[in-house]
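As written, the chain order gives the labels A, B, C, D, E and F, with residue 1 at the start of each chain.
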Amino acid sequence: MSRIDGRTPEELRPVTIQRGWSKHAEGSVLVSFGDTKVLCTASVTEGVPRWRKGSGEGWVTAEYAMLPRSTNTRGDRESVRGKIGGRTHEISRLIGRSLRAVIDYKALGENTVVLDCDVLQADGGTRTAAITGAYVALADAVTWMHGRKLVRAKAQPLSGTVSAVSVGIIDGIPMLDLCYEEDVRAETDMNVVCTGDGRFVEVQGTAEGQPFDRKELNNLLDLAVAGCAELDALQRAALAELEQIAKG
Amino acid sequence: MSRIDGRTPEELRPVTIQRGWSKHAEGSVLVSFGDTKVLCTASVTEGVPRWRKGSGEGWVTAEYAMLPRSTNTRGDRESVRGKIGGRTHEISRLIGRSLRAVIDYKALGENTVVLDCDVLQADGGTRTAAITGAYVALADAVTWMHGRKLVRAKAQPLSGTVSAVSVGIIDGIPMLDLCYEEDVRAETDMNVVCTGDGRFVEVQGTAEGQPFDRKELNNLLDLAVAGCAELDALQRAALAELEQIAKG
Amino acid sequence: MSRIDGRTPEELRPVTIQRGWSKHAEGSVLVSFGDTKVLCTASVTEGVPRWRKGSGEGWVTAEYAMLPRSTNTRGDRESVRGKIGGRTHEISRLIGRSLRAVIDYKALGENTVVLDCDVLQADGGTRTAAITGAYVALADAVTWMHGRKLVRAKAQPLSGTVSAVSVGIIDGIPMLDLCYEEDVRAETDMNVVCTGDGRFVEVQGTAEGQPFDRKELNNLLDLAVAGCAELDALQRAALAELEQIAKG
Amino acid sequence: MSRIDGRTPEELRPVTIQRGWSKHAEGSVLVSFGDTKVLCTASVTEGVPRWRKGSGEGWVTAEYAMLPRSTNTRGDRESVRGKIGGRTHEISRLIGRSLRAVIDYKALGENTVVLDCDVLQADGGTRTAAITGAYVALADAVTWMHGRKLVRAKAQPLSGTVSAVSVGIIDGIPMLDLCYEEDVRAETDMNVVCTGDGRFVEVQGTAEGQPFDRKELNNLLDLAVAGCAELDALQRAALAELEQIAKG
Amino acid sequence: MSRIDGRTPEELRPVTIQRGWSKHAEGSVLVSFGDTKVLCTASVTEGVPRWRKGSGEGWVTAEYAMLPRSTNTRGDRESVRGKIGGRTHEISRLIGRSLRAVIDYKALGENTVVLDCDVLQADGGTRTAAITGAYVALADAVTWMHGRKLVRAKAQPLSGTVSAVSVGIIDGIPMLDLCYEEDVRAETDMNVVCTGDGRFVEVQGTAEGQPFDRKELNNLLDLAVAGCAELDALQRAALAELEQIAKG
Amino acid sequence: MSRIDGRTPEELRPVTIQRGWSKHAEGSVLVSFGDTKVLCTASVTEGVPRWRKGSGEGWVTAEYAMLPRSTNTRGDRESVRGKIGGRTHEISRLIGRSLRAVIDYKALGENTVVLDCDVLQADGGTRTAAITGAYVALADAVTWMHGRKLVRAKAQPLSGTVSAVSVGIIDGIPMLDLCYEEDVRAETDMNVVCTGDGRFVEVQGTAEGQPFDRKELNNLLDLAVAGCAELDALQRAALAELEQIAKG
């Protein structure tokens, strides 16, 4: 049985990771998971928020947003409505936590990296694409910091790698990396964030229709772990390419 | 090895569920998980939000908030700051989804129930106490609706029961129902929402320090499922008590 | 002629003052005037707002709010609406002024006490119950400050006691401590804040229907002064009880 | 003993009431109490707020604001801060209640009048000047409505007249109509709103320093009632002048 | 062919510039262009915004607002709506830029002048009246600063003079200083800000209906330059009058 | 004398207009003026805002925003700050007016088109690139509407074409299409919006340093008119390409 777009249940959509997209940011990636496109920029500033000053430790945070017409129907701008919605808040926090899971604050020193993940086009899985792309932007920003000697020569601010993928159950079948149409139909929807060694940073499973049992949960986790391993390889390949054409 | 408060790792804190706390609300519960106290009220209104009108289906939503001095250090009021924080948004959404998982919208008819979960005193696990208490308030509100004939005589708006508990790993040991001090020290923190038949509505696990592996995840899920079964029994016992002293 | 709840015109509702309600706050009181229940917490912080620094004087302020379903019909949360309403502002300011009337800023030293008065259940007279309860919470906080040596040993930050009650004219008869149903029907509504020695801190009288004349005003003041004297006795009795079970 | 500006304790500042100040508004008055100048406009619209529709009754409301440099030190604009302060809320509500006290809603019919009171220059007593001026603007608006036949020919939407004045105790002496310097020094500050027949619409007394006793309260009320009688005469004189040069 | 109010196309409305309107502000002007009346106050504070500290240079900024009933139909207050509209923002920025064009920041020293331009009555051309009046208020504030020795004795913070006027094409005819009725009908609307020597600070032309060609643009500029020259003379005359009766 | 990037004073930067960028929007263009990249989407909805209902006329509006790291230094998100800044407001309004200048509302019928212009990378001239790109997106949206028969078969909602360019004076030399570094150094900065037949829709000139005289203004207008003519040709070429790959 094949999926809407012809994939098998355990197949990712075509994934591209384009580094050096922006001339200004210290790290920048245009990541696509099929038709989902997210621009991830990493902005480095010396110093940390007030509550962390003098600790010798750095900070990493993230902000997620969707362009108003990244979706099929135009959404109001949160800036115009004057407040950030719950979904935006939730995803921004998830991205931040996921990246902080692989940061060694001491090695980062008192520097701050802000990851901005702006969805240019949405077709399901925007938060998992954002995490996957933001990791690469962050890695480029760390390289940039080494070049500027903002971190000590032997410091390794990144203690691991991180990627994320969605999984869900549709018509009883567990599937990897849902596109929007699948996401809408899924009975259970799960987002899983893994490190490169296959451990979990975040597991967020939600029953959209019927509650799910332990066996279904296990099947979903198996799929997600395999998907993250593939994404990890793609991230490594992207980072192995010739030097990005970024901020001189 | 015993815990800060003398419990075994698989032991819940003392849980109380006091129905009929408020004279105004259609359902109201003061729930406590140890020193965590949450006032849950269910407010029924006829009609549904605009986007649902004419569907014949009802709606259930939730709002969570903490009193400014429910915590050890006073927090600013979100009303004074003029906006709702990300954590509040996230928990309100979680509570709403959890309760909607056991609602039959058709049976509810075009009525709306709002669950307000206000934390009067916080000591860890406020979101899980809120879900557990809100379910009971919701059940009382459904009974009230039957009494007022707002739902059809044979309609069963509640398709199941729901409760929630936190679990976490502290010094390598999986533990049930963390209090605040434990929560702060936990390497991994997970909130699990189950139906009375032991299936999952939500699984949200977060690595606070080291990523966690599959075995740790499984241990935590075992603990949580057992904890929710206990909470389910406590909810049933509370609902079996003589008629609440609520809104005549 | 008796009142809705059987009281005589000059009779208070049953008043309870439960100290040490919260484990976190430096002073905390659950006060009830009949079915009106207000949780009052006093939060102490060292230091004062910027505009008062270096003066050697302390500061006391208050915030009042109602839980959304403290009333018969659910009200929107002010945090969700993104702004504080006029009534909330007005009452917060009144509570703050009333308590500052019995504070010796010099004796308090450069410390700040915030009184949070959250209405858990409303049945008229929430602002007067809040002032009456907040005074007791404030007194406990001052005791706590003495224990922590935040104020000098012989300093008396409290220069007096303060309590408050509502009065109103219903069907031509002046009545004390109106419940909600009476408040709605009152032609004139007055809130009076007195010190323990029977002097006035605030007098706020409003003609809801017909303007009132001097004689009616005098009758209302007589009732209010007597009511505050009773409340003063109840406050003293509550404070005379064995040590509260608060923040160790 | 004379006052800062040479007045006796029971003397008003020079009061002017200039009708027809604005070419657009249905009623408009520039009122001055000494150096305090408030522009009061009455805006009539057919129809009433949603909650009042179909009642056959009208509505009157008020908004008060200060220009940023109406005071000695420039204040931030509330529009720039994005929210209205507590004092502004409180005074807007007071003005609205005071004018509604002399409105016969039935006679007004389903029309709304908004009174805008903008302080152009402040020197104490802005709220009392605003009420006194707004009454005259409202009276002109009612005349305008009669001219447009928005109210029935014999309907009398105004059931009385209303004016307001401040009183206070300075160095133990009760004084009428405080200017800013006096207001700052007053031990007790009271705003009194009276109808033309000498009854009370609002009495708001506040102890700024020491609490006040019954005798002081009585002295202040005597002064205020006499002051309002003078203001009532000035309002009548202003309204007796030749037709205002307003909105044709 | 004459205009609505009998003027010739190249004629200004009657312009008045009343200095010393406010007793508090360091400079204050009530300016009128026909029925358009704007109160302009200049507020001086020592020091500059954070981003300019230590530069030795001053700062000048402006805020524009309309009273709610300055227009024919009452507008909502921006403070009540909780945000500033685009038009208000745009005009505030225009006024600020226009006045900064004639400021020598070094000569001003680390002082800030805020120009508040509040429209008391609107009949077209409020932004140009505001700029023209604000310049005079600013000049008085500079004089005041000299008196207080806030600027060095020989410093000339004002490097020139500035005024502004609107022009537009109505029924094919270029006209100067449009009133509201003309503004509504104009096919092209242009605001021009000139220095006293006839050069341009701002030129903002907008096609309201048909696009305009180069010849029309030139005609409008000719009219505007002549109008600004007249306004410049009126500003000089106002400033030549006997000392303003402002802030002692 | 050559410019920073080697251009002659009257030379545009390389301009690209990529149609059909988004799969969701009815028209979408990624426009670049050198390193400035703006994503312009046109969203069509049936119906018009409330104030225009029943008029038989359509509406076109625009919103402009910058991604936080589109600039050299990261800017705060306006959604996070909770309000839109003055510059954003001003540019959104300019874009909307510019496009409405070539819209025949009657021919558009009661449909609304919203143009979202999101700056992905900024290097000066973002507003002029946005207008130039948005026109092409609008033209595609109109074609789409014809395909869906949302407008009558012979209706021509577009009455002309529109493009925009910046010009400025740097070191006394008028230059076309300033990049960021030039913009910062310009003494005078002007944005000009022209129709395809060389007439003006908007002329906005600002003296950043010295005021400018008539001759300089004329030189700038000459440059801008020539620049817009080139942009007009590029727009026509883009629209002449094979059908965009947009929303089926």
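Just so we're on the same page, a residue touches a chain if its C-beta (ideal position, glycine included) is under 8 Å from a C-beta of that chain, and two chains touch if they have at least 3 such contacts.
In this text, all values refer to a predicted model and were calculated from it rather than measured experimentally.
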item: Common touching chains of subunit C and subunit A; value: B
item: Same vs different contact residues, subunit A with subunit B, by half of numbers used; value: same
item: Option reproducing the contacts of D-E, where over half of them reappear, out of E-F, A-B or B-C; value: B-C
item: Centroid spacing, where centroids are CA-atom means, of subunit A and subunit E in whole angstrom; value: 50
item: Whole-Å separation of chain centres (CA-atom averages), subunit C against subunit D; value: 29
item: Whole-Å gap between the CA centroids of subunit A and subunit F; value: 32
item: Subunit D, residues touching no fewer than two other chains; value: 82-84
item: Cyclic ordering of chains (reference subunit A, direction subunit B); value: A, B, C, D, E, F
item: Touching residues (chain side subunit B, partner subunit C) in the complex; value: 22-25, 28, 35, 39, 41, 43, 45, 63, 65, 67-72, 74, 77-80, 82-84, 88, 114, 116, 118, 120-123
item: Complex contacts: residues of subunit F adjacent to subunit E; value: 83-87, 89-90, 92-93, 97, 101, 160, 190, 194-195, 197-207, 210-214, 217, 221, 225
